[in-house]
Each structure stands twice: as C-alpha cells, then as structure tokens.
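Below is one structure; the comments refer to it alone.
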Amino acid sequence: MRKTIIVEKEDVELKNPILVEGLPGLGMVGKITVKYLIKQLKAKKFAELYSPHFAYYVLVNDKGSIKLLNNEFYYWKDDDDGGSDLILLTGDSQAQTIEGQYEVADSIIEFASKKNVSMFITVGGYRRDVVDKPQVLASATSPEALKKALDAGSLINPPGSPVVGAAGLLLGLAKFKGIEGICLLGETPGYIPDPKAAKSILVILMRMLNLKLDLTDIDKEITKIAEIEEKMRKIEEQRKAAEREIRRIEEEKISYIG
Amino acid sequence: MRKTIIVEKEDVELKNPILVEGLPGLGMVGKITVKYLIKQLKAKKFAELYSPHFAYYVLVNDKGSIKLLNNEFYYWKDDDDGGSDLILLTGDSQAQTIEGQYEVADSIIEFASKKNVSMFITVGGYRRDVVDKPQVLASATSPEALKKALDAGSLINPPGSPVVGAAGLLLGLAKFKGIEGICLLGETPGYIPDPKAAKSILVILMRMLNLKLDLTDIDKEITKIAEIEEKMRKIEEQRKAAEREIRRIEEEKISYIG
Amino acid sequence: MRKTIIVEKEDVELKNPILVEGLPGLGMVGKITVKYLIKQLKAKKFAELYSPHFAYYVLVNDKGSIKLLNNEFYYWKDDDDGGSDLILLTGDSQAQTIEGQYEVADSIIEFASKKNVSMFITVGGYRRDVVDKPQVLASATSPEALKKALDAGSLINPPGSPVVGAAGLLLGLAKFKGIEGICLLGETPGYIPDPKAAKSILVILMRMLNLKLDLTDIDKEITKIAEIEEKMRKIEEQRKAAEREIRRIEEEKISYIG
Amino acid sequence: MRKTIIVEKEDVELKNPILVEGLPGLGMVGKITVKYLIKQLKAKKFAELYSPHFAYYVLVNDKGSIKLLNNEFYYWKDDDDGGSDLILLTGDSQAQTIEGQYEVADSIIEFASKKNVSMFITVGGYRRDVVDKPQVLASATSPEALKKALDAGSLINPPGSPVVGAAGLLLGLAKFKGIEGICLLGETPGYIPDPKAAKSILVILMRMLNLKLDLTDIDKEITKIAEIEEKMRKIEEQRKAAEREIRRIEEEKISYIG
C-alpha cells in the first residue's frame, strides 16, 4: 500500500448526511464519543480506510487475530423524513507525519464529498489542568455553523489555540469542497481516557442533531474511571504516608545517635 | 491536499513588481515587517498558498472561526509611473520539512515568475545576543542587487553565516528563473517578537523602494514591547529579592537555634 | 534507486509455496530462525530486494568487498508430492520510516503473489524480561491459520500487543491479496542475539511444515551465547567485588585517620 | 525544485573517465582531498547538482553573495594517451534524509554513466580515537578493483564496519549500472578538519592514478592545524593549572579559618 485507500463494503444511499469524526487523541475524547454513538445508534460499518501513514504495526485481538490499523466509516439512517443521516468515523490511529495527516484528511473529504456530506462535526479533547464539569468548546467554518453549536450549549473556543490533527485539518480542508464544519472539544486533563468529557459532547450532539441517546452506559464508564482514579489516589496517599514514616524513623535514629 | 497550491482570488496586472517576503522566524522580524507594510500601504490580498508541509493544525480566531494555515499574497500599486508595484508575502507558517521548504519555495517562485516579478526582497532576523541599535545585514544574488541594499544603509552580511528557511531558499532558487534577490536581516536577540529590528528594516526598505511610511504605529509597538520587557525585568527582580529575604530569615533561624 | 525493487536471479517454478520471513528485529530471533532454515535446507537464493528506505550505508565483508543493504529470497523444493515448497526471506535491514515499511511490505507481497504464495509465516521476538524456556506466541489472519500454529505447540499471542515492523505489516497487508498469514514470536529479553528463542520457533515450524531439521548447530550457538553471558556475568561480579574492596579500604582509611 | 537536478555548464568529451568523490563527512577528509586535487590539477567545473534533500538554508560568501547549497563536478584531462581523464565531485552538503541519499546517489550515477565513467573512487574518513600515521583503508566492488588500492599501499577495510553516506551508497548502487568502485577511508579522530588523513589518501591516489601532485600546500595545512591543536592544548593546560591554583587557595582559606 503506497497511498491512503478507502475500501467500500456496502454502497449506501444517504439522505443529507452529516459526518461525525472522533479519532484517537487527547483523553481519547473523540474516539469514546463516536464509538458511543455507533453503539447506541446501532450504526453499521460500510467502509474502511487504510494508510501507509499510520504506525507500522498490526494489532492482535483476544482471539489471536491480526488487524491492520485502520479508520472505519459507519452509517445511521434517520427515520425522521426531515432529518439527516449520519456517517460516523473512528479508528485505531491518526497519520504519524504532517504529509500523512494532509493525505488522510484529503481522502476522507473526497469520500465524504462523493457521499454528498454537507457538514462535518469533529470531536476531541481540550487540555485543561483542572476540570470540574467539562465544558464543550466550539469553533466552526462559518458563523451560521458556529451558532448551531452555541445554541446547543457549547462555548466559543478560546482564540489563538490550535486544533491539532484530523479534528482541525478536516475542517480546514473541507472548505475547498464547499463543506461546512463544526469542531467540538470537551475539556479534559487528558492523561487518561475521559468519558466525562465525551459525555458533555454527547449532550451537545443530542441537541444539535436531535438524537435520542441512552446515557446510562457512559455514566457507568465515568463511574468506573472515577473508581480507578480514586484507587490511584489512595495508593499515592499510602506511598506518601510510608515515606513520611520512614523519614520520621530516620530522624529519631539520628537524634538517638546524636 | 497533497501538493502545495496557490489559490488566486483576483487576477491583477502588476507593473514591474517586486516581491517582499516576511514569514514567521527569528524574533518574528520578517512577519512584523511585511504585515506593517501591508497595513500602511493598504495592500490588498489577491492570492493564498496552502501546503501539506505546514504544521497539521488549524487556528481558531476570536470569533470561533477556523482557519487553515496559509501564506498570503497582497499587492500594492505604485502611483508613480516609473515605480514598481509590490507583492507582499506573509503568513502563519513555514514548511516543516526540508523537502517541504523546497516545494513551497518552488511554488512561490513559479507564481512570482508568472506575475513577472523581477526582484525578491526577503526579510528576517539575525541572531545577536545583545543589540543596542539593530543593524540591517544584507546579502544578494548579484553585486548590483547588493549595492542597492548597501546604498540604503545596510551592512554586508557576515560571510559563512547561513540564511535559513524561506528567506534564503527563495533567493537561492530564484536564480533558476532569472529573478534577482536581496535578503535583509535585522539584528535581534530573537526570543520575543522584535518590532525594533523590523523598524530598522522598514527604514532601509523606504529608501530602497522610495516608499513613504508612517512609522508612528511601529514606534508604539516598540514602546509596548519595551514595557513588557521592563515588567518582566521587575518581576524577576522581585523574585530575586524575595529569595534573598527567605535565605536571610533561614540563616537567622539557624544562628538563633544554634 | 527511487523505489523498492526486486531483482530476480532465477525464474523458479514453485509448488504451492509458503513464504517464511525473518528480518532483523528484537533479539534477532527472526533472522536467526530463517538463516538457520536456509542453511539446514540448503535453500538457494533466487531474488534480491533493494530499497531507498533501508539505512544509507553499505557493509564491508571480510574480504573488503562492498555490499548494498538488501533482503534476499531463497527457495527450497519439497520432495514430497503433497508438500509445499518454501520461500525463505531474510536480510540486512528493515525499512527505516513508516512509509518505507509499507512500500517494502507491498513489494514483497506483490512478488509473493506473483509466485502464487498462499501463506506467509512471519517470525520474530516477543519481549519478556525473564525467559526460562521460551514459549512461541502465535497470531494469524484467520482462525484456521491460527489453529495450525496452536496445534504445533504455540500459545495465543496476548491481546492488545502490537506486532511491529515487517512481521506484522506483511500479514496485515497480505489479506488485500487474499494471502493467509501466521505470526510466530519467540519470547526473548531481546538485548542480545537469542538462538534459544529461535530454536523454540524452529521446533514449531518443523511440526507445522513437516520439516526434518538437524538442531545440533543451533544448540551449539545456544551454548556459545550462554558462555558469553556467563563470562559477562563473571566480569560484572569481579567489578562489583573490586568496588566493594575499594570502599572497604576507604572506610578503613577514614576510621584510621579519624 | 522538487527533484535532484544536474545542470551541465559545458558538454565535455572525456576519455575513459574515473570519478573521484569527496563530500563533507568525518574530519572533512573526503572534501579536503578532492578540493586539493581540483586545485593542484587546475580542474575545471562543468556541472552542478542541486537537490531538495540538502539542508534548507543558503550560504553567504565574503562579498555578501548568496549561494544555494550544491555539489559540483570538475574535469581534468590526462595528457597521457593511455591514461584516464578525471571527474572530481565535491560540494557543500550531503542529502539530509535516507530517501534523499538514495535519490542524490542515483542522479550522480546516471550522470556518470552518461559520461561513460567506468570507475568510482570515493574518499572519506574512518574514525580512530588515536591516529599516529593515518592508514588508508580500502574496500571495493570487486577483488580486481580492491587489488589496485592495496597495491598502492592501502589496507583492507575492517569487516563489518559500515561505510556511511555517499561514499558507500555510490559504490553500492553503481553496480546496477555495471560501474566498478573503490572506497578509500583515511584514519582520523574526526572532530576537526583533518588534512593529515587527506594527505595519506592523496599519496595512494597519486600511485593509483599515476598523478604528479605537489604536496607542499597540504603539508602547510597540516602544520597550521597542528599549531591550532597545540594552542588548544596549551589553553586547556592553563585552564587546568588555574583550577588547581583556585582549589589550593580555597583549601588554604579553609584550613586558616578552621
């Protein structure tokens, strides 16, 4: 493979489709969000993207089966006549070089254009050291597109901050094909997978896209991650207490000897 | 996007045009200089350059609007019959790889050649640890071209020093198209944006190109940067004073306990 | 040379061939395994692969002769009518960049496809800090292919672990040409050439491919490496003993002076 | 410029030409050697090579003139009827990436092949920590070629050692065009320009190519470098003496206070 390729598994007709992208990145926010959409909407895979710009390894799953890194396109058909169908894009990897990022984004946009996509929504994380209730920060290719995200409850993305990788490039490049775009970033410390930030984006998407989603499962993931963090906090506390005790004993020893 | 492209917004006829380039680099000297020219001359944007060799992120402006990194061409028409029109080139980024630098420079030269550009003037910073009154250091593709820069008050660039990035490559490659070139570097420590170095180049350019520029605004920027530097100096002094005080108290404590 | 090329030295007809690949990597397990197969089976070289993505140096052999880095294809004909002929692939280097890895893998697969290869077996090392008796860990492109490796005594590769480089990519990409694949990784600490891990793979391959191999020579290599390790261990011990002695003398000196 | 190009300034007919290459590298041995040949033989420049794989800066010479990095071809005609004309290749830079190294070597070989070159001699440095009288270490594409270098007084290059960069790749790739090659490496510590290593190669080349060269100038360069090294040694000695003195005074102070 010497170029990025998209292999179509099924030729689907989609009605006014919107593409929602969430690939691996900060806090895995984008990937968690889109994978949750795929699961809840029971979206169906219809195309795979492969690229010589992904990392040069393959994955082994729990049955010893080998998988070449890829990105995957799923579709979901909206029963509502006036609504928009969705294309959901997620995957194992982003391109590892600058030129690769441009080539992969280009392939995705060409494919989306062929499928008559009129709007991209890209999803990811926004680094904040401390996050109580994660806000969603929005930017867009036009004031009209931005308004949709703001009306649904997101805030304007702080100026000057770059949007890195596919979430940014897809929107920057889409305008050459006349496709509008919105970027939604959930605040996250970003050092572990962050379903809380993903949930905050899901809430915005539900309003923007008029979706009905059951959020029980992501709440469970949030609880699970919170428990892991709590455990890590306790271990750290015990480690510090042990260190204090050691220091105390050493000081006693010194004063005793002295 | 898989190749560098130039998108023309307006097809302008230019009279004997000279292209002045100033892209991000040391002390942002080149970019400050050319942006100032654009503003003062009320130059008009007529073309944009995009490249898969720029960094792979997009910028968000203060209205939440997304912008793909680019370089921009502006033009200014000289009312004087005997004069030269100007093409002014600045932008967000330089190419991030060696091959990208050559490809982008190549695209610019091709475009300039199509527009009948006969001369390039590239502008940037020259690292000097301490700079009192910044000098402008010139090099050129021919002794005749160099003479123009020296006559206007610049000094010869020290031999053996490389001119890095677009400012250098554009001139090195332009000769293949028979285009002359001059490089003007303003002395700068280079660690913060340096409007003082930019002003020294603007003075030279005014003489070389017979331009009338109001320098009030750049003087204001110089004052602003000087104030920031003064504030940083004071904070640093306070920090040092606080440290000294802490040390003094600790020593007192020790001698009291002792 | 601007593209990866394969130079065929002899046009051989092969019966239902299986390709076994072992290139430089962790503990040199893959290369040791395939070189051993070549020697024991008296396989014959019939093609060479060259690539501008290998390292940019040449090797000098013990007669002062210069050799461009390459990969080499050998063949072995199975006398048994129902058996499979083998193509054995090893070499000096793997590609040094991501894009290079994909291009070289692609060239190998195209060549194998032309030779009617129906199955790839890729061989390498799996990092384990401590290894008593190295296990062989298998993954594959299909459950049927995996079963062959498990029936021969290997274990399922732990899920989630990536298979890096040619051993992984060849299998991930082969499926586009309808070629099946099995990956066999021998457990190894990986910091020195590890014939013990290679032997454990040879035993599995003998069963899978119904080969008769004399393992005396690899046992000798294992003994040799074990002796080198033992020597290194002793030198390390002597170094530590010397250090202890120096410290003892210094302490004596201090207590004497004190 | 998007590909490596060779610009011919003069179309010369050469008799059985041998190409001698010496580009920047370890101790600058190759470049010093070939530049010396060019000067002594009064060779004439006839072609220039430019590449988007060289570093992305231009050089400024002592007259403020700008020069794009390049490699240069010179020729020298042998008056002797039975002799070989020479092509001498040197320059500012080697390619900065693996793929660039292969592309540039390829361009050189194509050009040489067009000029009917039958033999490459590549020249460079071989790292040795201590070098009394630098030996010349030879490797070659055939035993016959190697014999020429050994007969002229060089030793066989130690096996297993790689020959890095153009000096190696040119020979490794030349065989695809049926061109023979010899590599001559002069022993050098390599941390400063080393005319002594270059001289040892010049002596071998004089014998191999039946050249008459005046070595007075390179002897002067050797003396100059030796003087610089001697000065550096003395400064280092003074620095150490000063440090010892400071320590002595501090110890006196302590014992006085104590």
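Which chain is which? They are A, B, C and D, in the order written, and residues in each are numbered from 1.
One rule holds in what follows: a residue touches a chain if its C-beta (ideal position, glycine included) is under 8 Å from a C-beta of that chain, and two chains touch if they have at least 3 such contacts.
Computed from a predicted model, the values in this text were never measured in an experiment.
A.B. asks: Smallest number of touch links from subunit B to reach subunit D?
C.D. replies: The distance in steps between these two chains is 1.
A.B. asks: Going only through chains that touch each other, what is the minimum step count from subunit A to subunit D?
C.D. replies: 2
A.B. asks: Could you tell me which chain lies farthest from subunit C when each chain's centre is the average position of its Cα atoms?
C.D. replies: B
A.B. asks: Same or different for subunit A and subunit C, where same means more than half of the interface numbers show up on both copies?
C.D. replies: Result for this pair: different.
A.B. asks: Rounded to a whole Å, what is the gap between the Cα centroids of subunit A and subunit B?
C.D. replies: Each chain's C-alpha centroid was found; their separation is 37 Å.
A.B. asks: Report, in whole Å, the distance between the mean C-alpha point of subunit B and the mean C-alpha point of subunit C.
C.D. replies: Whole-Å distance between the two chain centres: 52.
A.B. asks: So which stretches of subunit A touch two or more other chains?
C.D. replies: Touching at least two other chains: none.
A.B. asks: Taking all chains into account, which pairs touch?
C.D. replies: Contacting pairs: A-B, A-C, B-D, C-D.
A.B. asks: Mind pulling up the subunit D residues that touch subunit C in the complex?
C.D. replies: Residues of subunit D touching subunit C: 98-99, 101-103, 105-106, 138-143, 146, 156-165, 168-169, 171-173, 175-176, 181, 183.
A.B. asks: So in the complex, the part of subunit C that touches subunit D is made up of which residues?
C.D. replies: Residues of subunit C touching subunit D: 1-2, 52-69, 96-97, 100.
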